[in-house]
Amino acid sequence: MSIEVRGVEKEFGGFRALDGVSLNIREGELVALLGPSGSGKTTLLRVIAGLEYATGGSVLFDGEDAGARHVRERRVGFVFQHYALFKHMTVFNNVAFGLRVKARATRPSPEEITSKVNALLNLVQVEQFGSRYPSQLSGGQRQRVALARALAIEPRVLLLDEPFGALDAKVRKELRRWLRGLHDRMGLTSVFVTHDQEEAMELSDRVAVMNRGRIEQVGSPTEVYDSPATPFVYEFLGNANRLPCRIEHGSARLGETVFTDATGLADGDGVAFVRPHDIEVTSDRLALSIPATVKQVLISGAVAKLELTMDPAPGMIEVELPRGAHWGAPFLAGQKVHWRARTARVFPASAGASPVAAPEVKAAG
Amino acid sequence: MERNSRMGGRFRNWIAAAVVALGALSPAGAGAQALLNVSYDPTRELYEAINKAFVADWKAKTGQTITVNQAHGGSGAQARAVIDGLEADVVTLALAYDLDVIAARGLFPADWQKRLPQNSTPYTSTIVFLVKKGNPKAIKDWGDLTRAGVQVITPNPKTSGGARWNYLAAWAWALKQPGGTEAKAKAFVQALYKNVPVLDTGARGSTVTFAQRGLGDVLLAWENEAFLALDEFGKDKFDIVVPSFSILAEPPVALVDKNVDKHKTRVLAEAYLNFLYTPAAQKIIASKHYRPRDTAAANPADLALLPKLDLIAIDDPVFGGWAKAQATHFADGGVFDQIYAGAR
Amino acid sequence: MFALRRPSVLPGFGPTLGFALFYLSLIVLIPLAGLFFKSAELGWEGFVRAVSTPRVLASFRLTFGAAFLAALLNAFVGFLVAWVLTRYRFPGRRVIDGLVDLPFALPTAVAGIALATLYAPNGWIGSILDKVGIKVAYTPAGVWVALVFISLPFVVRTIQPVLQDLEPEIEEASASLGARRWQTWLYVIIPVLLPAMITGFSLAFARALGEYGSVIFIAGNLPFRSEIVPLLIFVQLEQYNYAGAAAIATVMLMASFILLLIINVLQRWTARRHGAD
Amino acid sequence: MGQATPRLLRPPPPTTEPFAVKWALIGTAVLFMLLFLVMPLAAVLSEAFSRGIGTYWAAITDPYTLKSVRLTLLVAAISVPLNVAFGMTAAWAIAKFEFVGKSVLITLIDLPFSVSPVIAGLIYVLMFGAQGWIGPWLIDHDIRIVFAVPGLIVATTFVTFPFVAREMIPLMQDQGTDEEEAAILLGASGWQTFWRVTLPNAKWALLYGVLLCNARAMGEFGAVAVVSGHVRGVTTTMPLQIEMLYNEYKFAASFAVASLLALLAVVTLVVKATLEWRFGEELAAVHRAPGGKV
């Protein structure tokens, strides 16, 4: 099922948690809502689920206004951040809940419920824990049970709030891969919320990057990473050097040197973003290169990290070189070098580059 | 799952049962063949015996089995309950004032006291002293109560009918002394209450305080209460001292017309009140240490316990009847309040 | 947009709040409003006069004073009991823990009679105290004893859960930072418990203000000396002065309501403050 | 806390008091409890059995006493479920929703805690008495409230009003709304959500509230005394029967009946302790003063 979010607004006592958000999610897609805490991503998820009422705008499921349906009838599978498993019920009963509360006419027979629940427990690989209580399970197991419970009602969409937030690093990675596999098999339209960009990149078909109640950019993980639409997206996804510069006649100048292209931008102050691994360093002067001094060299696993101070202008630049490339002729601290950007992105300074996190707002509970 | 839904069902059943029970109870209560006698505290034993006799008597005369329900409490509280809707068929309280108040609300005529013989009081009593065995503080008469170091136990006249009789007896005695004036009487009762360490809300509370808790040197008590205390707490522990002078306490009875008409129990209630004047009842009255109006049937041994003494009635000009006595002494700002306000 | 209620997906707000308010009105509010109407019969001047006679004022002083002192003692002893029950293991702990609720469950009249039996000059405790010249029963001290008895559980049961929730790590952190035990108490434990102590104190105070059954058996009930306000209300009733009784009752009611409102607002405030960190 | 006590072989752990201080604290607390709680209970029992077991047995099998026991049970059986129904609905509305005026509402629920029982009785007499506002109408229709069983029930309901709600509200607030939201999303109706998710989670609070509510309902004296009329065998509950026997100087009998109520109190406490022992964790959260959400 497709989901369409149209100009959704949400206010909590004067604070705008969502500020005109629009988003189209295609049938069968796995979309990540990515953003820092307080960016409104959980609120958006809860609005889609129907747990929160939007102050403005609408949410459409397959073109039909979801607001016209009660939450109960939306058939939305929702996995809570802390799972919200029913503490007083066994795992089996938790999963069976959604089937047992159906109206008598549509309720499956007890045998059907049993076989269906068992199939779900199998699917999420906790079949041996059916008679346990949630408190007797590990975090990862609880997560799977919460998922099975959400799937039991054969939801049309699956919504997950920080699905891996409460898990340790190793379990998180495993579960991530498993979830992706599950999604590929079931083809269920899914949306999940995360503040971890790596998680969003690895898991999703498309990422919606959110900041201060707005969506800054929507695109495939490569798109948002390689061509960030805004300074915020640039800085939020991966490391970036942030260089104040001047825009003159379609090119960006750092000091006297024209160092990258800025076609289409008006003259004035600008900010250039360069990823550390997009920088070339040589001991000789090259075209468009800028002189600098090596301040420090750090070897970290497969990469060598250089910190450069620029000679004409103050400021520091971080560079990542494949260790192999560094190996033959290692740079040393104090050495005079030249650097240039293989690719860089320039924004006018007025674009408000710095990604300042909005104050933390707890989702309404 | 099953358990939970059962729980719900059970809860609903409870509510249903509660509603049914409530409905069934509301209009219930005493049937036609029952009387409710609302009385004051010290008459518990008296009416227990009289009711037994009356029920037997009525059965013998009419063949009907009836019950007489009793309610006891402070005389004022009981009168108030009747005013507020306690559906008494007959009231038998400690003093006429309380019945006047009920009459004023129209539950029975204002001339109720003329409807039965002897001011509608089938028995009388008086106020005597109960002291510790051997009377260590040598308390003989009212004058001894104001001595320093004598602790007097008496209830609060504001809440207890008996306590009002105590107070008025003390007042009348002081007034009767040579050169007695109202000012002197007031000074006397003030001195007396200065010796009172505890003001219980009812006569029974005072008796417990004195007899059970061992507080005080002398208890001002109904005569019958004094004898009862001897019986209950031991003749070896206390003595009764009869003062030279006391008050004629007349606890009256009345039929509550409004309620007997509603319950259709007028005949029965009238028979009950008239029964109180019969020799059989008068004998019981004497045996419970009240003073019977008709001594003919009483056991002489019982009568011998009730000594002759000089008694003053509430209708004596000294008091001018209950309405006046109440207004003068016990109303807010009356003499009783003044002696406490003045003592500070 | 101004809303009286934050919208929620959970159903049943209307019916449940509706029923709760209906029932509250039926059992509590309408009858209590009746009290106001009754006392209004006196008119403003009559009302003031009814509640400001020296005798009424004296009993207000006694009632508020004794209730305050009882609540104060309980704030400390209740804290001590709660501390001992949560922090130490000793034989009989469970029994003591269970007994804390006794005053909730024991009828007040029975409590009053039992206390009078104990503290009368010929009682188990009273006879001992009598020898050293202390009188409890039938004095204002008796009022205080009864109020201590009935209000103890409020303090203990308010402090206990907070103590149970108090993580030992906080105390360990304090100790590791070099604080002595008394400093840990003064700067770490007491400040955390203070809101609960104040709440317990106020609840005990509010409860003690209205107590009647247990007090009349052990107080001397002497005007100006050991007569509590509820007894005065009772006395007014005996004189068929309903409006006067209602007037005194109204003052008591307002005092209780304001006190409880302060506690509840205070509690929501501390809850919010704790929720934010 | 004093540090003057002699050091033992090892210094005490930094998060506890020295041995002597600890036992001094325990001693003080236990002594206080003995003086104020155990002794009154012991006094009741000792008086009850002062005339021997025969008198005791006779007292509690006396027909009037049995009637008062039955009446007390009836009153509790009606007023406790009423307050349970109220407590559950009020707790749902207050704990699961945010709305203006919550503090005032909670305060009003607390109010019966601190209202003098005499006032509690008085208000119903003012309402339903023959001189009251709707009393005359009721009497014309032969409906009796005060000085009859319904009056006892209403007065008892008032006095025990806050117990269940006050136990359930803090716990249900602590539990938040996640599980309820999950249930709704899974298709449960509000009713199903309440019975299957909310109530099972709050059942210990409910039970504890019911226990206290019941104990208080059976033991209420002041308010009931005002509306009872003291008709022996008809409107006398156990506490009134106790007072009545006491006023008849039947102290042993009076305390015998009182011991039944004390026994009820003890049973209540034992049940509570057993629950705590078996379900310690769950109940710890419930274990709060009825007045206090902390």
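Here are some notes:
As written, the chains take the letters A, B, C and D, and residue 1 is the first residue of each chain.
Heads up, the rule we're going with is that a residue touches a chain if its C-beta (ideal position, glycine included) is under 8 Å from a C-beta of that chain, and two chains touch if they have at least 3 such contacts.
These numbers were taken from a predicted model, which means no experiment stands behind them.
Most remote chain with respect to chain C, judged by CA-atom centres, is A.
Looking at C-D and A-D side by side, the one with more C-beta contacts is C-D.
The distance from the centre of chain C to the centre of chain D, with each centre set as the mean of the Cα atoms, comes to 15 Å. Computed from the mean C-alpha positions, the centre of chain A lies at a distance of 54 Å from the centre of chain C.
A straight line joining the Cα centres of chain A and chain B is 86 Å long.
Looking at chain B, residues 1, 83 sit in touch with two or more other chains. Residue positions 82, 85, 131-132, 177, 181, 184, 189, 196, 200, 246 of chain D each touch two or more of the other chains. In chain A, the positions touching at least two other chains are 50-51, 71. Partner chain C is touched in their complex by these residues of chain D: 1-3, 14-17, 22, 25-26, 28-30, 32-33, 35-41, 43-44, 47, 82, 85-86, 89-90, 92-94, 96-119, 122-124, 126-127, 131-133, 154, 157-158, 161, 177, 180-181, 184, 189-190, 193-194, 212, 215-216, 218-222, 225, 238-239, 242-243, 246, 254-255, 258, 261-262, 264-266, 268-270, 272-273, 277, 284-285, 287-294.
The part of chain A that touches chain D in the complex is made up of residues 49-51, 71-78, 80, 82, 84-89, 97-98, 101-102, 149-150, 152-153, 365.
Note for the complex: chain A touches chain C at residues 11, 50-53, 55, 71, 364. Looking at the complex, you find that chain B touches chain D at residues 1, 4-5, 7-8, 11, 14-15, 17-18, 21-22, 25-30, 36, 38, 41, 44-45, 69-73, 78, 81, 83-87, 105, 202, 204-205, 207-208, 212, 228-229, 232-233. Contact residues on chain D toward chain B in their complex (touch as defined above): 74, 77-78, 81-82, 84-85, 125, 128-132, 135, 139, 142-150, 153, 195-196, 199-200, 229-235, 244, 246-249, 251.
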